[in-house]
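Below, chain A partners chain B and then partners chain C, in two separate complexes.
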Partner chain A sequence: MPIIPVNYYIFLSLALFAIGIVGVLTRRNAIIIFMCIELMLNAVNILLVAFSKMHHVAAYALDKTTTVGTEAQLFVFFIMVVAAAEVTVGLAIIVMLYRNIHSVDINFLNRLKH
Partner chain B sequence: MNAIIVAALWGVLMMYAGFVAKGRSTNLLAVTGVIVLLVVNWLEYLGLSIFSIDTKGMLVYNSFGLLFNEVILFATLMYFLLSGQELGKSNKTPSDLYALIFFILAGIAIIAGFKSLLMLFIGIEIVSIPLYVLAGSAKTNLKSNEAALKYFLMGSFSTGLMLMGIAFLYGDAGTFFLEGINAGMGIISPMKGIGLVLLLASMSFKVSAAPFHFWTPDVYDGSPTVFTSFMATIVKSAGFFAFLKLFESAFGNIHREWQILMAVIVFLTLVIGNVTAVFQQSVKRMLSYSSIAQAGFMLLGIFALNVFAKQGMILYFAAYSLATIAIFAVLARFKDDSIESFNGFARRQPLVAMSLLVSFLSLAGIPLTAGFFAKYFMLLAVLKDATMLWLVVVAILCAAVSVYYYFRVIQAMYFKDLTADQEQQQLPEFNRAFKIIILINSLLILALGIHPDWLTNLL
Partner chain C sequence: MHITEILFWILTALALFSALMVVSSDNPVHSVLWLILVFMAITGHYILMNAQFLAIVNMIVYAGAIMVLFLFVIMFMNLNKDSEPQKSVWLRLAAVVSGGSLLLILVAALKDNGGYINSMKGEGSIGLIKNLGNTLFTEYVVPFEISSILFLSAMVGAVVLGKKESSTPAA
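After this line comes the complex of A and B, so read on.
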């Protein structure tokens, strides 16, 4: 089975990350911005797993009992847990906002300021 | 390690205390909690660890980390004592808010000892997530909603950048440990370079350094004043500690490579923070720009990365936190936060005005106050580093500009009289306990201004 080179994963992950960043910077709907942030975090997850495999394969060639690379996969679980915690707080904030202004458009807030 | 566990447990205790404790007893319980934390953290500094948990080297405490934690906890104690009454009024169940603050303290204790990027990430998130809630704790106030949303979106965005940076560093070094990343001959591979820049950007976001500062004024202005005080002092100091430790331990051997980037950030932060603060009419907004300006000075320590920088950093945390907490504690009692509302304050409340005067002088860096030596150590660190001396000139000029906007408030307090319609308004009242504590606070600022070695020798 041919192994996909790690570069492909890096490009995939960077592409997702860039979509996330552009979304955060251009969209005006709070929920869509929020989804774009989640996309950025998931891009990181892909990258971490790819790097984990990369380091593992390199170490495995020398030592068959190696555990190199597992820490990145553990990191991914931490990112998921923290992202879940962020979702709870973030959605609560957006709901609170919706109750007050009946909109989740962030431009609305800028208009209120002056 | 002591502080993390006690803070987390006390946070849970505070949550349940909401069922039984009411009013003042909640505040009392929180103050007790911070005092317990101060004691157990000090015991660990003396070498007595109550909990010994094998973290596989991911959390290692040295005297710098523990001293930092001690300073932060002391600032929190002052914060609870001075702002506790306002904090109690801001919500029906203040014990929840106290619980969130204790969880933040647990996160700060993790930041104080991280040796692995995993712990850095966890620590920063434990600090940030409760803070989003605190920023939006005035649920029906639109400004508070806006602040919470903006803080949340910007905070998670910068977390995303930080994680991407961590992933690239891992790809380069194959480990999350700071020593592992710092290993090597000081050559920057492309992946390490990307990781470094992303981490620099995200940490600048967290400490509100220019050009990533744009969220700060809105968030600080919109949040309830009690929590602005907490955010601008304690949490910001924690961010700086993480920044310093990360860049010292993980990128110390390529210091010269990123120093120029840092110099640009320092320059922009100093100039933008100070110049914009001049034009503010609201004290709260002025203080949020001033916090950007002070961040510029603290960044000088990260720019220089030597022993003076570390000493100066600890001193800066103490000086800046104590002064800003006192000012915000008084500001929170005012109904409106324009500079005019301070008119004639010295005549009505001479003691509180005196303490505020000391705090403002300390922020401006006038000798005999702690702020002077804090700034002095930072400039000394840059001078010893001796690569970019022009930064010292810029910093001194900016400190001179900062005198203008701090003295505007002093001028309003001492040399202006109340206008006719201000006479009608209800004036803030301060009880005796508040006066005593704010006096102790200003005496501490003066003491550190005369004997900074009391703090720096502990390092």
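After this line comes the complex of A and C, so read on.
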């Protein structure tokens, strides 16, 4: 039986999350920053599914009819639902910004500072 | 080495490489295409972990709908390599150093985890739509309905934000 330590999934998820953070910090294009936020959301989803699987495997060894781990997968489902709603509103905001300042460069978005 | 482990490493390498390309490519359209590849690798991971329903939803919602929306907006704004704003080298270096430090600290904090994931024969039906739907429509029916209200408000918000206002002067 193949055994994968849950550590590997934790490290994968953390690496994806850190790459997303680096993307948010390095880029100036608002759409790319938004995409990096999606990347971070997906890193968290991987982690939730991995933990769901880990607990299910542990419970399945004792009881063959267990449904432990269902909640985490539903949680991921709700995260996807919220992410889809968030993307529509976020992209609408970016389109509105583009219409007003004719750019998606976040360095032009500092008027609230003054 | 079992086939599951080989697939795990291939998908992990694909996901990390594509994620790096998302961050580093100059053309926003290329970034979107690499991000689709990241989502496909993540879908493969879901299948490896017996989350079949989530794999399909991830494929349809993320790699399909959301990424098409991003691609549509980018092409609508006619963004390309020439119009891409760049930060200075020092800012980028500082960002990479801080992101790497965060990764280092999180790995150091979470590395002592003894859990494991193995695939037993006959196990792996919790990710199927039968089990998930049963729980979703009995135990979690209120959050499900609330999410429909969330979608409705998001739709109204997107329409309100995207509407062209003729009375407002251009800022």
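Rule of thumb we're sticking to: the second predicted complex is superposed on the first by the 109 of 114 C-alpha atoms of A that agree within 3 Å, B and C clash if a C-alpha of one lies under 4 Å from a C-alpha of the other, contacts with A are read in each partner's own complex, and residues count from 1 in each chain.
Going forward, a contact is a pair of C-beta atoms (placed from the backbone, for glycine too) under 8 Å apart; a residue touches a chain by one contact, two chains touch by 3 or more.
Bear in mind the structure is a predicted one, so any value in this text is a computation, not a measurement.
A.B. asks: State whether A:A85 touches chain B only (first), chain C only (second), both chains, or neither.
C.D. replies: A:A85 sits against chain B and chain C alike.
A.B. asks: Which partner does A:M54 contact after superposing on A: first (chain B), second (chain C), both, neither?
C.D. replies: Both partners.
A.B. asks: After lining up the shared chain so the two structures overlap, which partner does A:G20 touch, if you call chain B first and chain C second: first, second, both or neither?
C.D. replies: In the superposition, A:G20 touches chain B and chain C alike.
A.B. asks: With both complexes overlaid on chain A, does A:V44 touch chain B (first), chain C (second), both or neither?
C.D. replies: In the superposed model, A:V44 contacts chain B only, not chain C.
A.B. asks: Which partner does A:E71 reach: the first (chain B), the second (chain C), both, or neither?
C.D. replies: both
A.B. asks: According to the contact criterion defined above, which of chain B and chain C contacts more residues of chain A?
C.D. replies: If we count touched residues of chain A for both partners, the winner is C.
A.B. asks: In the superposed arrangement, which partner chain does A:I93 touch: chain B (first), chain C (second), both, or neither?
C.D. replies: The answer is both, since A:I93 touches chain B and chain C.
A.B. asks: Return first, second, both or neither, reflecting whether A:I33 touches chain B, chain C, both chains, or no partner chain.
C.D. replies: Only chain B is touched by A:I33; chain C is not.
A.B. asks: Using the superposition on chain A described above, determine whether A:I101 touches chain B (first), chain C (second), both, or neither.
C.D. replies: A:I101 contacts both chain B and chain C.
A.B. asks: Across the two complexes, what residues of chain A are contacted by chain B and by chain C?
C.D. replies: 10, 17, 20, 34, 51, 54, 68-69, 71, 74, 78, 82, 85-86, 89, 92-94, 96, 100-101.
A.B. asks: Would you tell me which residues of chain C are touching chain A in their complex?
C.D. replies: On the chain C side, the touching residues are 2-5, 8, 12, 15-16, 19-20, 22-23, 28, 31-32, 35, 38-39, 42, 45-46, 49-51, 53-54, 57-58, 61-62, 65-66, 69-70, 73-74, 76-77, 79, 84-87, 91-92, 94-96, 98-100, 102-103, 106-107, 110-111, 113, 115-120, 122-123, 126-127, 131-132, 135-136, 140, 143, 147, 150-151, 153-155, 157-159, 161-162, 164, 170-171.
A.B. asks: Using the touch definition from the top, list the residues of chain B that touch chain A in their complex.
C.D. replies: 118, 121-122, 125, 129, 132-133, 136, 139-140, 142-143, 145-146, 148-150, 152-153, 156-157, 159-161, 163-164, 166-168, 170-171, 174-176, 218
A.B. asks: Under the stated contact criterion, what part of chain A meets chain B in this complex?
C.D. replies: Touch residues, chain A against chain B: 10, 13, 17, 20, 24, 30, 33-34, 37, 40-41, 43-44, 47-48, 51, 54-55, 68-69, 71-72, 74-75, 78-79, 82, 85-86, 89-90, 92-94, 96-97, 100-101, 106, 109, 112-113.
A.B. asks: Under the stated contact criterion, what part of chain A meets chain C in this complex?
C.D. replies: 1-12, 14-23, 25-29, 31-32, 34-36, 38-39, 42, 45-46, 49-54, 56-58, 60-61, 64, 67-71, 73-74, 76-78, 80-89, 91-96, 98-101, 103-105, 107, 111
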